[in-house]
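Chain IDs A, B and C follow the sequence of writing; residue 1 opens each chain.
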Amino acid sequence: MSHLTLLIAEDVSKRFGGVQALADVSFTINHGEIYGLIGPNGAGKTSLFNVLTGIYAPDGGTFNFDGEPLERVKPNEVAERGIARTFQNIRLFQNLSALENVMIGRHVRTRAGVFGAILRDKGTLAEEAAIEKRSYELLEYVGVAKRANDLAKHLAYGDQRRLEIARALATEPKLLALDEPAAGMNATETQALKRLLEDIRRDGITILLIEHDMKLVMSVCDRVLVLDYGKKIAEGTAATVQNDPKVIAAYLGGEVTLNLKGA
Amino acid sequence: MDTFLQQLINGLTLGSVYALVALGYTMVYGIIGLINFAHGEVVMIGAMVSLSVIMALLGAHAPLPSVVIILAGLLVAITVCMAIAYAMEKIAYRPLRKAPRLAPLITAIGMSIILQNLALIVWGRNYLTFPTLIQPTPYNVLGASMTDLQMLIVVLAGLLMAGLVFVVQRTRLGMAMRATAQNPQVAGLMGIDINVVISAAFVIGAALAAVAGLMVMTYYGIAHYYMGFLLGLKAFTAAVLGGIGNLAGAMLGGVLLGIIEALGAGYIGDVSNICGFPFLSDSLQQQCAASEGQVSMFGSNYQDVFAFFVLILVLIFRPSGLLGERVSERA
Amino acid sequence: MTAHGRGKSVPPKVWAGVVLVALALALLPFVAALAGQAWVRILNFAMIYIMLALGLNIVVGFAGLLDLGYIAFYAVGAYMYALLASPHFGIHLPFWVILPLGAGLACIFGILLGAPTLKLRGDYLAIVTLGFGEIIRIFLNNLNTPVNVTNGPQGVNLIDPFHVAGFSFARAQSILGVPFSGPQKYYYVLLLLTIGVIVINIRLQNSRLGRAWEAIREDEVAAKAMGINTRNVKLLAFAMGASFGGIAGGIFSATQEFVSPESFGLFESIIVLAMVVLGGMGNIPGVILGAILLTLLPEVLRSTMEPLQNALFGRVLLDAETVRLLVFGIALVAIMLYRPAGLWPSAVRKRELEVPKVVAE
């Protein structure tokens, strides 16, 4: 394992009933890169996220994160180890303010317990102030500081996506896993998102990105992994992957292939 | 051996009643995922209404045969219970179908209190005795005794359950119910009126509850405005034990729970006999000497605890119940 | 921008308000006494219920876990006090020793119940806690033979009131020329304890832990993904709620000087739940309001319903207790249907319990 690698996945498999969601998927993510994960709907992208973040246990295979194995680890321990994620169908704490959402992200990096809460000693007050300050900074960083005291569910769609990123960043991740952050965004918002992703990378955080917006993927990702029916069908730079016939077939679908055969 | 068989028979009788009530919980839960907390009160109302009708007919001038009187009481009770269940679903549960889970559960608790206190106002605070219309005759079954009333309860419960299974498996309504249980949205898109299906589940459950109410009352000979609470809770336990949402599970769970309770009550005294223990205090040794070595830590007055322990154990070790499938959290 | 108002200087108007409220609270038992000492006792009861309801609010309102057996922890605290400060075992420990012990024991019970059950889905948890509450009550009822621990259905009486050295809170006496009745003296102790409980609750809600509870209530999967150890945090909610129940139980024992299993039935649990729901789940002022309203309601009903019925029908058709429960039942249903956030909702809680007009996705 080189000091460059952050995450190594080896032969990861996951089956749901009769569906092989992931079949022996292996890949590595290097420090500081933006690593794309693409594939048609149902290819196993989100399953891979869920297995990586401990929501499901894999049936086979291993993850090694930052030099240590990541096995039988609960989702909260995954976050503590330094992997933060967002969700495909936004899962904010809807009835809490934007600021509170980010403050909850600080939970795993802070310590105050029952006695601190009740006694409000100097240490706890300082920690609370630091949580609030840092959370506000993160809201500014992603560009939703103006809405700090609005309930999360009252934010515009794009703002909710960015708030989810701020909340994930609050856990101080080494790897930020984003599940379709550009879904539902217009072109301007996607451009802003691209700049945000580049900023995050510049600040030293590695990004794993699931995305359907190919323009975004191709312009921002250093390397891309392509899944189809749970199998890895290609991996490489955006340009190589783009021209891989297997990838084209997967995206255009079996029907086209059939027609070609028939022709 | 005699005690064992006797308790088995008693447990089977009570268990049949639990099973009938459990079916009401399980149908509603299977379709809309609600614990209809007030279902036990429907059983109580069934008992109370049938009792009132029976008393009124007994007081009538022309003496009617007992069977007619009881059937009349039962029919009125079934009608009233169905009406109450229908109204309850429409008023208290339907508006909250898409609300977070806690909300309908709280209205269900509210409905339970309302029904109970209405019953208290109508029928009073005292225990009401069921007139001896049927004089149970005991029969000898392999050395234990089983009365004709017990047999009637078990057989009738069995027939009703078979009827319900027929309705659910073989009729259009049953198919609609199964479809709605699988996925209400899709069932709705397929042209099923899910409001009708849900009402039907409540109403059928209530009819079974009314029968169960009359059964418990004739079996114990008394009725009380508070009788529905514990009965309902035990029936719910039975439904969970068998696998909530699963009809066969409710029946199995009901009978099993009845038997567990009966055997538990029959044997807990012996099992928790402390006279054989070393280091007993003087007063305990005196008690043992005075009672021929029979001093139990727990007596049959702990009977009601069994159901709760069973419930807690099942939920911890096999939350999906004996016959249930694993269900994921419905948001 | 400080969310909790720290570091701001308090304006004089607020100070004046605080002084006025403090004065009103100090004089209240004497005003109530004008209507009879019974009303002072009712005030004391209201404060016990405030503590109970706030304890349950941690579990139900903050963490979103429906606990229907909450009264069991109240019972544990009450019996702990009764057994350690009465002639039943001949033990007479002072209250400031027993109250923390009772809170601790209730807390242990809370953890024992919570540890295996908290992974259950919400409605199952409700039923299991209900079963637990009943088990505790059945044991209290029956643990009088063969060894008499709880004295069974007769309950324990002659329980020691609060006393410090020679000063007893149960006896009437003049202090500095002002005559104080027993209940009036208790009032001030209870007021201090209640204010303490309220302050602790407010501080818990506005803390790292309080936010974690609310996160779990809002979305447990997301809370886990944010690194919150949901099992421990839920257990902590259970344990904290149980401790407050234990303290309230101890105070109940001391003020009543008598406990029996009858006081700890399912309906007590439901009454406390009704207080939380009626006032506004998750909102501390709302819960306090709910507790006060539902403590006063039966008394008001008693003093108005029965004379009214006597005047109208010549006899009492419905006793106040039945009407009270009926009103509770109707209130639970009506609140959920028409005002799901309670009478005094917090901005946060209000939206979550609203029925969404459009189904998401």
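Everything that follows uses one rule, which is that contacts are C-beta pairs under 8 Å (C-beta built on N, C-alpha and C of every residue); 3 or more make two chains touch, one makes a residue touch a chain.
Small disclaimer: the values here were computed from a predicted structure and weren't measured.
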{"item": "Closest chain to the centre of mass proxy, which here is the mean CA position", "value": "C"}
{"item": "Chain of greatest Cα-centre distance to subunit C", "value": "A"}
{"item": "Centroid spacing, where centroids are CA-atom means, of subunit B and subunit C in whole angstrom", "value": "32"}
{"item": "Geometric centre distance via CA averages, subunit B-subunit A, whole Å", "value": "50"}
{"item": "Averaged-CA centre spacing for the pair subunit C and subunit A, given as whole angstrom", "value": "43"}
{"item": "Shared interface positions of subunit C, touching two or more other chains", "value": "352"}
{"item": "Complex contacts: residues of subunit B adjacent to subunit C", "value": "34-35, 91-92, 95-96, 98-107, 109-114, 116-118, 120-121, 229, 233, 236-237, 240, 274, 281, 284, 287, 295-299, 301-302, 304-305, 307-309, 311-312, 315-316, 319, 329"}
{"item": "Residues of subunit C touching subunit A in the complex", "value": "1-4, 6, 200, 203-204, 207-212, 214-215, 218-219, 221-230, 236, 240, 347-349, 351-352, 361"}
{"item": "Of subunit C, residues touching subunit B in the complex", "value": "60, 64, 66, 68, 116-117, 120-124, 126-128, 130-132, 134-135, 138-139, 141-142, 145-147, 266-267, 270, 273, 277, 318, 322, 325-326, 328-333, 336-337, 340, 352-353, 355-356, 359"}
{"item": "Subunit A residues touching subunit C - in the complex, by the definition given at the top", "value": "53, 55, 74-76, 78-80, 84-85, 87, 89, 91-96, 99-100, 103-108, 110, 112-114, 116-118, 120, 124-125, 127-129, 131-132, 136, 148, 151, 153, 167-168, 171"}
